[in-house]
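Here it is, the structure, as C-alpha cells.
A, B, C, D, E and F are the chain letters, set down in written order, and residue numbers restart from 1 in every chain.
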Amino acid sequence: MADPPLHTTRVKLLTVIAEAVLEDRLIRDVKRLGARGFTRSAVTGEGSRGRRVGDVEGANVRLECLVSEEVAERILAELSASYFEHYAAVAFVEDVSVVRGEKYI
Amino acid sequence: MADPPLHTTRVKLLTVIAEAVLEDRLIRDVKRLGARGFTRSAVTGEGSRGRRVGDVEGANVRLECLVSEEVAERILAELSASYFEHYAAVAFVEDVSVVRGEKYI
Amino acid sequence: MADPPLHTTRVKLLTVIAEAVLEDRLIRDVKRLGARGFTRSAVTGEGSRGRRVGDVEGANVRLECLVSEEVAERILAELSASYFEHYAAVAFVEDVSVVRGEKYI
Amino acid sequence: MELLQTNLLTPVVLAFVLGAIAARVGSDLRLPDPIYATLSIYLVFAIGLKGGASLSQSSLSEVALPGVAALLLGCATPVWCYALLRRTADLSREDAAALAAHYGSISIVTFMAGIAYLDSIQVEYEGFVPAFAAMLEVPGIAVALFLARRGSGKSSREGLIETLTGRSIVLLTGGLVIGLLSGPEGVEKVSAFFIDPFQGVLALFLLEMGRVASSRLGDLRQSGAVLMAFAIIGPAFHGLLGVALGWLTGLSEGGSFALGILSASASYIAAPAAVRLSLPEANPSVYLTPVLAVTFPFNLTLGIPLFHTFARWFHG
Amino acid sequence: MELLQTNLLTPVVLAFVLGAIAARVGSDLRLPDPIYATLSIYLVFAIGLKGGASLSQSSLSEVALPGVAALLLGCATPVWCYALLRRTADLSREDAAALAAHYGSISIVTFMAGIAYLDSIQVEYEGFVPAFAAMLEVPGIAVALFLARRGSGKSSREGLIETLTGRSIVLLTGGLVIGLLSGPEGVEKVSAFFIDPFQGVLALFLLEMGRVASSRLGDLRQSGAVLMAFAIIGPAFHGLLGVALGWLTGLSEGGSFALGILSASASYIAAPAAVRLSLPEANPSVYLTPVLAVTFPFNLTLGIPLFHTFARWFHG
Amino acid sequence: MELLQTNLLTPVVLAFVLGAIAARVGSDLRLPDPIYATLSIYLVFAIGLKGGASLSQSSLSEVALPGVAALLLGCATPVWCYALLRRTADLSREDAAALAAHYGSISIVTFMAGIAYLDSIQVEYEGFVPAFAAMLEVPGIAVALFLARRGSGKSSREGLIETLTGRSIVLLTGGLVIGLLSGPEGVEKVSAFFIDPFQGVLALFLLEMGRVASSRLGDLRQSGAVLMAFAIIGPAFHGLLGVALGWLTGLSEGGSFALGILSASASYIAAPAAVRLSLPEANPSVYLTPVLAVTFPFNLTLGIPLFHTFARWFHG
C-alpha cells in the first residue's frame, strides 16, 4: 500500500451494520469500549436472517467508528460475544488514513 | 498492511453506486452471482452524467456486498457489461477484515 | 494487498463527514480541487463537538469522492486549513480498486 | 353478512386490500419510512386526544369497572396464550412467550378501524374506551416477558422500559392527558387536523399495512397449521371475551364492541420491539407472520363484523 | 386574457412560480424526497377516489364513448410524435421514441391543476374524467416502446411491466375501484383528508415542481429550437384534439376542457421510469428538459386558459 | 393568572410539554427529520399566505407606521444585545454577536403560538402582522453579523445571502406575495389545507420542539447565570417594547400583543444557520442553549400571557 498522505495517521475504520433495535445499545457499547466518536446512518439490507426493510420488518443501522487497532479488536470481540448469535449484525474493519488522527486514538 | 484482527477473515467489500431505477436489477444480479447478502442505502451524487438528486431527476442507490474475491470479480465483470455504458453507475472494491467471515464466502 | 481485480485501477476513496451547513461549500471545494464526481448521503453522528442529530442541532453530511492520490492530498490539505478548526468535520482516505478508473483520475 | 359487506366496502378496508394487491403484483408502491412513522405518531396521538377529551366528560364510576376489566384481560391473556402454545404448538419457551406478548398486547390501528366502522354505521360508543388501550398494551407485554424469564435468572428490564417509554405508550397516554386537561373545547381547536381527517389518514396507513401483511404471506407455509389456527381462534376468543366483559361492566353495544376488537387485536409495533430486545432467542418469523399475515387482516375484515354480531347478541 | 389572469393568480400556479424563483436565487427551499413521494401518492390516490365515486353514479353510455376516444388518443399520439420527431428533429430512434412516450402519456398533476382551475371558476365537468387518465397513461408508453423496439429484437417487457405496476397506475386504478366500490357515501368519510385539502396539497407539491422545472432551465440551450417548438406546439395540438374529441363524444364544456388538458400534458413520472429501464440508450436530458422545463410550465400557465378558450369555441 | 392557565392548558403548549417529558424519560418518540422540515415549510408558508390575504385588504396607511417600527426594532435589538452581552457576560466578540443575531431575529413558531392563543381567547388582531416577521427576521441577523465583522476585514456576505435566500425568508415573503396576489378568495381555496389544520400541525411540531428544547437542558449548567438571566429578561424587555411600539403606531390590543411576542421571540432556524456559516468561531452551545432551552419555553408558557397583560395595560 502506498504511503499515507501527508499529515495523516493510519487508524482503523470499524463498520457495524445491525438491526435498528440495537442502535442505542451499540452506541453505548462502542463508546464504553473506547470509540471517541461515531457516524450513524439508516440502511436496509438482506443477509442470513432475511430482508430487513421498513418500519415493521425493522430496518438496519450502520455505525462507523474511527478507532485505534486495540479499540477495534475490543469492540469486535464484544459485539461477537453479545449480539452475533441472536441478532442480525455484520462488522468489518479496514485501514484508513485520517487527518488529525490523534483525535481518534 | 497490519495483521487482520483476531478471529477475522479478509474478504472483499464491493460497493456499487448507481441510479435508483436499477435497484431491483442490481440486487437480483449480485445475489445471482454469489453475494450472500447486501446493505442498501439511499444516496445522491454527481458524476459524468450530471447531478442526481431527488425523485424526478432520479436519486442513486448504494449497495455494499461482503463477498469473496471471485464473486467480487464476477459481479464487477457483469456490471461493466450490462450497465456501465448507458446507466449512471460506479463500482469499487476494497479489502476488509470481517467477523464470522465464513458467512460471506 | 492482493492484486487488484481485472480491469480495475487503484484510486483513492476520500470520505468527508461534516456538519450539513457546510455541504454546498464542500461540494464546491472538492470539485474545484479536481474531483470528477462525488456521492452524498445524510448521516448523524457524535464526535469531539458533541451529538449532531436532527434539523435543529444540525445533522451531518457524508461525501465520498473517488480521486487520484494528488487530488486526495490537495483536498485534505484544503479542508484542514479551512474547516477543521471551527467546524465539526472528519476526513479519511483509503485505497480502492475501481472499474473504469480513468473516469476518476 | 350485511355487516360484513358494510365493513368490507369502506375505503379504509379497501385501501388495505389495494396495498396487499400492489405488493403481490410487484408494484413499487410504498410509503416512505418517515411517513409511516409519522402517520403512526399522528394516529396514536389523535386517538389519545379524542379519548382524553371524552374522558374529561365522564364520571369515574362509568370508567372504573370496565377499566379494571381491561386491566385484568391484559394480565390474563398472555398467561393462557403461553400455556396453550407451549402445550399444543411445540414452541420453545421464548417463542411461546413472544407470541403471548403479541396477543396479550393490542394493535391501536385495528382498534381504529373498529371505531371507523362504528362511525360509519352510526353506532355510539363510550368515547373513553381508547383509555383502555393503554391499560391493555403494557400488561400484556410485561406478563409475557416475565413468563419467559421466570427461573432463567435473566432480566427483561430493558424490554419493559423500552415498552413503557416507547412512542406508542407515550403518545397514547400523553394524548389522553392532553385531551383530559384541555377538554373538548381545547381539542376542538385542533380537530381540523387531528379529528376530521382521521379516517382518511387511517386509509393511507392501511395501504402500507396491506403491503407489509402481504409480504409476510410467503412465510405462512413454514408456520404450521397449529399456529395458523391459533392466529384466528385466539383473537376470535379474545374478542368474544372483550365484548362479554364490556357488557358485564356496563358498556353500551358500541363500547362492548370496541373493547372486543381491542382485546382481539395483536400488537405489531410495541410487542415486537420489546421482544426483540428482551427475548432475542425468539424467532421473529414465528411471531410476526401470524400477527401480520393472519390476525391483522382477519380482525380488519371478518373480526369487525363478527365482534359486532357478538355485541348485538349480548345487548340484544 | 381574463381567463389567463384567473389562472395565473391562483395559489396553485403562484406556488409553482415561487418554487422556480426560489431555485433561481439559490434558496435551500426544497421538499424532502419522502414528502415528495408521499404527496404524489396522496394526489393520485385522491383523484382516483373522487373519479371512482363519480363513476359509480354514471351510466355506462355516458362514459363509453369518450372513454374509447381517450384510448385511441393514447395509442395514436406517440405514433405521430415519433414520426414527426424522427423527421424534423434529427433524433435517434431511441430518443424519438422516448419523447413520444412522454408526450403520449399524461401528467396527472397538470390535469389536477386544470381541475382546480375549473373549480375556481365554478365550471362543472363530468366527474369520471379522471378514469380516462388511466386509459391515456399506459397506451402512450406501450406504443412508444414498441416503436423503438420494432425490428431491434430486444424486448421492452420489463419497462412495460414497470409501468403497469408502477405506483401511478396502481394508485389511480386502485383509487378508482375503491371509489367505485365504496361510492359517494364511502368517499365522504375520507373526504376531510382526501378531498377538501386537495388544492392546498397540490400547491405545496407545485412549489417543489417549480424548483425541479427551473433546475432544468439551464439545459434548454442544448436542446435546440426544433425540440423547444415541439414542446409547445405538440401539447397545444394535443390539447385541441382532446377538447375536440370531448365535444364530439358528448362531454360538457368542462369535461372537454378536462380531456384537453389531460391529452396536452406530458408524463414526468411513469414515462421516465419506463424509458430509463427499457430505452437506456435514450438521453434523459433530451426528454426530461422539454417536458419539465417547457411543456409542464406551459400547460400550467398558458395551456389551461388556452384549452378553456378552445372548449368555449366548441361548445359555443 | 387566568391568562396563564388559558395559555398553558391548550393542546399546542401541552404538546410541547409532552415532547419535553418524552425526551426526559428516554422515549424514542421523535418526528423524522423530513417531517420536521416539511412541517416548518408548511407553517411558514401558511402564515405568509394568511398574512398576505389580509394585507390585500389593508390600506397602506394602516400598515406603514407599525411596519417602520418593526424595522427599527429589528435593527436596534442586536445593537443593545451585543453591547450588553460584551459588557456583562464576558463573551467573545463572536459569541456576543451570535447571541445578538438570535435575539434580534425572530421565531415564527413562537409567533404562531401567540396567534393560536389570540384565536383561542377570540381576541382580534391585524391580519397583516405576519408581514412584520419578514421585516424583523433579516435586519436582526444582518446587523449582528456586521457588528462582529466590523474592523476584522472578513466579510459576512455568505451568511447574509444564506439568510436572504434561506427557506424561512423565501417562504414567508413568497407566501405573503401569493396571499396578496390571490387575495382572500384565492387563499380560501387552499384554506382546508393551509388554514384550518394550522393549530393541529403546530401542536405536532411543538411535540418535536419539546424534545429538542429538553435535550438542551443538560447544557444549561455550563451557560452561567448571566446568560440565563439574559435569556429571560431580554425577551421580556423586547416583548414590552414590541407591545409599546404596536400601541404607539396604532395597532389594536391583539396586534400590539402580536408585535410583542414577535419581538420577544428568538430565532432558532435562520440565525443559527447564518451564524454557523459566517461566525464559525462562535460556540453553538453558547447561543443555542439559551435560545432553545430557556427563551423558547419561556415565551411559549409565560411570555404569551405576560405580553397579553402588557397589551391590556397599554390599551386598557
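Keep this in mind: contacts are C-beta pairs under 8 Å (C-beta built on N, C-alpha and C of every residue); 3 or more make two chains touch, one makes a residue touch a chain.
Worth saying up front: this structure is predicted, and the values here are computed from it rather than measured.
K.L.:
Farthest chain from chain E, going by mean C-alpha coordinates, please.
P.N.:
Farthest from chain E by mean C-alpha position: A.
K.L.:
Farthest chain from chain D, going by mean C-alpha coordinates, please.
P.N.:
With centres defined by C-alpha atoms, farthest from chain D sits C.
K.L.:
Approximately how many whole Å separate the CA-defined centres of chain A and chain C?
P.N.:
18
K.L.:
Using the average of all C-alpha atoms in each chain as its centre, how far is it in Å between chain E and chain F?
P.N.:
Here chain E and chain F have centroids separated by 41 Å.
K.L.:
I need the residues of chain D touching at least two other chains; which ones are they?
P.N.:
If we look for residues of chain D contacting two or more partner chains, we find 32-35, 37, 197.
K.L.:
Provide the list of chain C residues touching at least two other chains, using ranges where the numbers run on.
P.N.:
Correct list: 1, 41-42, 94-95.
K.L.:
Which pairs of chains touch each other?
P.N.:
Here the touching chain pairs work out to A-B, A-C, A-D, B-C, B-E, C-F, D-E, D-F, E-F.
K.L.:
Using the touch rule from the top, collect the residues of chain C that touch chain A in their complex.
P.N.:
By the definition above, chain C touches chain A via 1, 15, 17, 41-48, 60, 62, 69, 72-73, 76-77, 79-80, 84, 90-95.
K.L.:
Using the touch definition up top, name the residues of chain A that touch chain D in the complex.
P.N.:
19, 21, 42, 50, 54-59, 86-87
K.L.:
Can you tell me which positions in chain E touch chain F when the two form their complex?
P.N.:
Answer in residue numbers: 9-12, 14-15, 18, 21-22, 25-29, 31-35, 116, 119-120, 196-201, 203-204, 207.
K.L.:
Spell out the residues on chain F that touch chain E in their complex, using ranges where they run on.
P.N.:
Checking each residue of chain F against chain E gives 32-35, 37-38, 41-42, 45, 49, 161, 165-167, 170-171, 174, 177-178, 181-183, 186-187, 189-194, 197.
K.L.:
Show which residues of chain C lie in contact with chain B when the two form their complex.
P.N.:
Chain C residues touching chain B: 1-2, 4-8, 11, 13, 27, 36-41, 66, 94-100, 103.
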